[in-house]
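What follows is a pair of complexes built around chain A, which joins chain B in one and chain C in the other.
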Partner chain A sequence: MSITVKNLDYTYPSGVAALNNVSLKINKGEHIAIMGANGAGKTTLIKHFNGLLKPTKGHVLVNDIDTITSSVAEMAKIVGFVFQNPDHQLFLTTVEEEIKFGPTNFNFPEEQIQRDMEKVVTFLNLKNLLKRSPFSLSEGERKRVALASVLVMNPEILILDEPTMGQDAIQKRNIAKMIEELNQQGRTIALVTHDIEFVAEYQPRVVAMTEGRVIADGMAKDVLTNLEVLTKTKLRPPQITALAWEIANQKQSFPKDVITISEMKTKLLALER
Partner chain B sequence: MMLSPLSAFEFKRKNTFIHHLDPRTLLYFVILTSILILQFQQLIPVVIIFVAIIPLLFVARIIREWIVSLKGFIFLILIIFFINVFFSPANNPHPTTFALSMIFRLLALVTTFALFFQTVHPDDLGQALVKLRMPYEFSWAITTAYRYVPTLAKEAQQIIDAQMSRGIEFQKGNFLKRIRNYIPLIVPLFISAIKRAWKLAEAMDSKAWGAAKKRTFLYELQMSPMDYVIIIIITIVFISVIYVRYILGLPAWAEWTLPPELELKEIGKWILGYIVNFLQL
Partner chain C sequence: MDNIVQIRDLEFSYGTSRQPAIREIDLDIKKGEYIVIAGLSGCGKSTFCRCLNGLIPHFYRAGVMKGSVTVDGLDTREHPLYEITQKVGMVFQDPESQLMALTVERDIAFGPENLGLPREEIRIRVEEALELVKIAHLRERAPHELSGGEQQRVAIASVLALQPKILVLDEPTANLDPAGAVDVLNIIENLQVQKKITVIIVEHRLELALQSATRLLIMYDGTLVFDDKPERLIEKDITPAEVYGVQMPSLIQLFTQLMDEGHSFSQIPFNIPLAAAIILSELGSARSTSE
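After this line comes the complex of A and B, so read on.
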C-alpha cells in the first residue's frame, strides 16, 4: 500500500496556487510526518491522498489507483483520514452508532462490523463510552471516537491532520503509542504536525514543505537539525538540538545532529571522560 | 464538493470605484434595483436588467468570483425551470418563456446582492444602518450574521471533507435520499454554530458590550459628491423605468415569447435532459 505523488500542482478555485510540482513516494508500512509553516500546503497535499482534492496537474496514485478516477467514498475503504477537529465528524446519538456508521454505510456484513468495532473499541479504550452521546464526551474522548469511526473501516493507510493539537502531555503520549502500534500492524501512517518535539521523540521520516514545495525529505535526525530547512519552514529546532548547538558553539567537536534525550545523554556522558 | 454559492456574498477588499462608494449609496442601489426586477415577469425586460448589471461587476472587478458562485446556483435554477415548465397553471400559454424569465429574475437578484455584499465591508454596513437610524443592537445582529457567513461556509466545507472521508456520498441517491444525506453536515454545523455563539457572547460580555448607550465610530462614514451623483442617476433610471412600465406601457417587443413550437413541454424536457447530462448530475 503505497502513495505516489507525481509532479503534483494544485490551484484552488480562488486562484491560490497551493502546491507546486510536488513529488513524493510513501512506501507501504512507512511512518511519515509532513511539516511546514502555516500555508505551506501540508493539508492541501494530504487531501490529495484520499481524493478530496483532485490534482490540477500531475497524478496521485494510491496502490496504483489514480485518485482522479475514483471517488472519495471508494478511497475511504483504503485511506482513513482523521481530521483535526472531531466535532466536524460526529453527528449521531451514541458512540456505538458513530463507530458503526462508516462500515454500515458501506454495507459490510453485520458480524464483521461487530468484530471490527470491538477490536477498535478495545484498542482505543472506549468500552465504557459506547452508550454515551459523543457530544457529552471530553475533547480527548471525542478525538478517540472520531479516530475509532475511521479505524473501524480497517484502512491500510491512515492520514492524521494535527493529531496532537490541543492535547496534554499524557494524551500526546497515548496518541504516539497508538500511532506506533498501528504502524507496527503494517499500516502506512502519514501525519501533518507543527509539533516538532513530538516528531523528534518518535522519529518518523520527515517531509518539510514551504510555499507548496517539498524542500527536504529524509530522516528526522537530518531534517530537524538542518538550520536552513528549519528557517524556511519557520520551525524551531527541538530543544535538545538547540542545546546541542549551544554546546557546539563552545566545544567544536560536539555533534550538532542530536535530537533525542537518550542520544544527548550518551554524548554528554562521553564528554566527561 | 464545494460550497460555491456562498462565496458570492463574501467581502473582498479591492480598490475600485464601487468599493469606495458609501454603503448607503449601494444599499439604495440594491433596494431600487430589486424593486425594478420584481416589476417584470416578461423575459426581455428581465434579461435587459440582468445584462445592464453585469458591467458593474467588471467595474468592481468581481466578475471571476461571480462566475464561480453562479455554478452553485445551477441546482436551484434547474428546480425553477422544472417546476415552471411542467407545473405551470393551464392558463399560462408560454410556460418555457415564463420559466426562463424567472431564472433571469433570480440571476439578476443574486447578482445585485452579490455586488453589494462583495463591495461593502460588514462594519461599514453596520455603521450605515445605524446612520439610517436603526438601533445599534439590530444593526450589530445583522452585520454579525453577515460576518459569520464565510466562517460558517468554511466550517461547512471542512465538515463535508471530514464526512466524505468517512465514505459519505452527499450527492448520491434520489431527491429524498439526498436531503437525508445532509444530516451528517447539518448536525455538526448547528452544534458548532451554537458553541461559537456561546463563545462570542462571553467575549462580548468581557468587553462590556452595550455598556455605553451612545456609540461612536472610529471611522465616520461620509457621503462624497460622487455618492450624490450616483444616487441621482439611480433615481432617474428608476423613475424612468417605472414610468415606461406603468404609464407608457411596454412596447410589443418587450412582450416577446418563444414561438409556440418551442413552447412544448417536450422541448423543456429535452433541455432539462441536456443540462442534466452536461453536468453529469
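After this line comes the complex of A and C, so read on.
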C-alpha cells in the first residue's frame, strides 16, 4: 500500500491556502515522520491520506485509488487515522464499546473482534480500563483508547497525529515499540510529530514542511542536522546534535551530523584516541 | 521562617476510591527553589499540585485529606481559597480552561478585580504581569485567537496579577510545540531568577526543565521516591528511568553510558555548553591518566 501525492494544493473554504504544490511518495512499509511548525500544513496533508479532505488541485492516490473518487468509509478499511485530540474520535460510554465500534460496523466476525481487541488492549495497556467511560480517563489514556479503536481495524496504513504528545516515558516507549512492530509487519506508518528526540531515536524518513510546502525530505540524520531546515521549521536540534555542534565549534574535525546516543558515544571515544 | 512550603504526613483519597491518590508525603520547600516534579501519568502529581493551592481540601470535599500543608504560613485547611490563591498561583496543562475574557488585558485583570482591589492597583498589576511574561503587545487580542504558547503565557500572567509567592504549574507545556514550550519555560525561569518566585512544575520534557531545576522530585504510586539535586539521578544505585518511568534526557543517557565504560566526570551537565566543555576537557584527561 503506497501513497502518492501529486502537485497537491489545498485551500480551506475560509480562503486560507494550507498546501502549495506538495508532491510526495510514501512506499509500502515505509515509516515517515512529518515535522514542522504549527500552521505549516502537516495535519492538512495527512487528512488527505484517508480522503477526509479532497484536493483543491492535484491528486492523492492510495495504491491506485484516487481519494477524490472514493468515500471516507471505503478508505477507513485501508487507512487508520488517529487524531491529535482523542476527544475528536471518542463518543461511546465504555472503552470496550469504543474499541469494538469500527469492526462491528464493518460486520467483522465476533470472535475476530474479540481476539483483535484483546491484542490491542494488551499492547496499549488498557486492559483494566475496558469498563470505564473514556471521559473519566486521563488525556494520555484517552489517547491510547483512540489508538486502540483504530488499530483494531488492522489498517494497512496508519496515520498518527502527534502520538507521543502528553505521554509519559513508559507509554512513549510502548507507542514506539508498537509503531516499530506494526511497521515490521509491513504496514505503512506516517506520523506528524514535534517530538524531535523521539524521531532522532527511531529514525524514520523525515519530511519537513513550512508554509504549506515540503522543504526537505530524507533520512532523519540529514534533515534533523540541517540548520537551515530546523530554523525554517522552528524546530530545535536533538540534544545530541546540539552537543555535536557545540563540540565542533571548538574542534572542527568533529562531525556535525550525529543524532543518536550510540553514534555520539562512538565518535567521542574515537576523539579520545 | 525559611521554608515557604511545609508538608507533613500528607495523604489524600478522592471520594470515589479508598486507595489514597497520594500518601506519606513529607516535604519542605525553601523560598526561591525551582522544583521539577516527574513521574508516570496517574502517579499523583496533579493531586499533589491541588493540595498546594488549596483546591484540596476546599474544592474536592468528597475526599479525605490527612496531614497538613502550610504555604507561606497559611495552613490550607484553615484558610479559605481566596487567601491561598494570593500565595499560590496555579497554571494548568490546557490554557483554554483558565482563560475566559474577551481580551488578554481583561483576563489578567479578572483576578485582582475579584479581590476588590482599587482601580489604580489593578492597572499597575496588569501592566507588571504583561511585562513579566512579555505579552504587552497582545493586550487587546482575544485569548482564543492566540497560539498555544501565547495562551499559556496569558494564563501565567493572569495568575501573576495576584502576586503569588509560589507558582505551581501542572504540565504547562504538554500541549505546546517546541518553540512554545521553550518560550514558556524561559519565562518561568526568569520569574524564579528575577522575582524570586518559588516554582513547582510538573514537566515531562526533562531535557528542557532540568536546565533550571534546583531540585527534582519523582513520584511513583502516590508517593515521593526521589527528592534530590538532578545530578544525583545517575548514581549507580538509582535508576529512575527504568524503575519509575521517567525519561532521561539523551544528554544524561550519554553521560551515563560513558560512565559505564569507566569514564568519570567532575559533574553531570544539564545544558549543552557545559556538556561540551566537560567532554573536551575531561575525556582527554582520562586518557592521560590511563596511559
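In this text, the second predicted complex is superposed on the first by the 273 of 273 C-alpha atoms of A that agree within 3 Å, B and C clash if a C-alpha of one lies under 4 Å from a C-alpha of the other, contacts with A are read in each partner's own complex, and residues count from 1 in each chain.
Keep in mind that, in the parts below, contacts are C-beta pairs under 8 Å (C-beta built on N, C-alpha and C of every residue); 3 or more make two chains touch, one makes a residue touch a chain.
Treat the numbers as computed from the prediction; the structure is a model and nothing was measured.
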item: Partner chain(s) touched by A:K234 [first = chain B, second = chain C, both, neither]; value: second
item: Touched partner set for A:A37, first chain B, second chain C, both or neither; value: second
item: Chain B versus chain C as contact partner of A:I261, first or second or both or neither; value: second
item: First (chain B), second (chain C), both or neither touched by A:S71; value: first
item: Residues of chain A touched, compared between chain B and chain C (which is higher); value: C
item: Which of chain B and chain C A:F106 touches, first, second, both or neither; value: first
item: First (chain B), second (chain C), both or neither touched by A:S138; value: second
item: Which of chain B and chain C A:M165 touches, first, second, both or neither; value: second
item: Touching partner for A:Y202 - first (chain B), second (chain C), both, neither; value: neither
item: Contact set on chain C toward chain A in their complex; value: 39-42, 93, 147-148, 171, 174-175, 177-180, 182, 204, 207, 241, 245-247, 249-251, 253-254, 257-258, 261, 272-273, 275-276, 279-280, 283-284, 286-287
item: In the complex with chain A, residue positions of chain B that touch it; value: 2, 4, 7, 64, 68, 155, 158-159, 161-169, 183-184, 187-188, 191-192, 195
item: Chain A to chain B touching residues, read off their complex; value: 13-15, 47, 50, 52, 71-73, 76-77, 79-81, 83, 85, 87-91, 101-102, 105-106, 135, 149-150, 153
item: Contact set on chain A toward chain C in their complex; value: 37-38, 138-141, 165-172, 194, 196-197, 200-201, 234-236, 238-240, 242-243, 246-247, 249-251, 261, 264-265, 268-269, 271-273
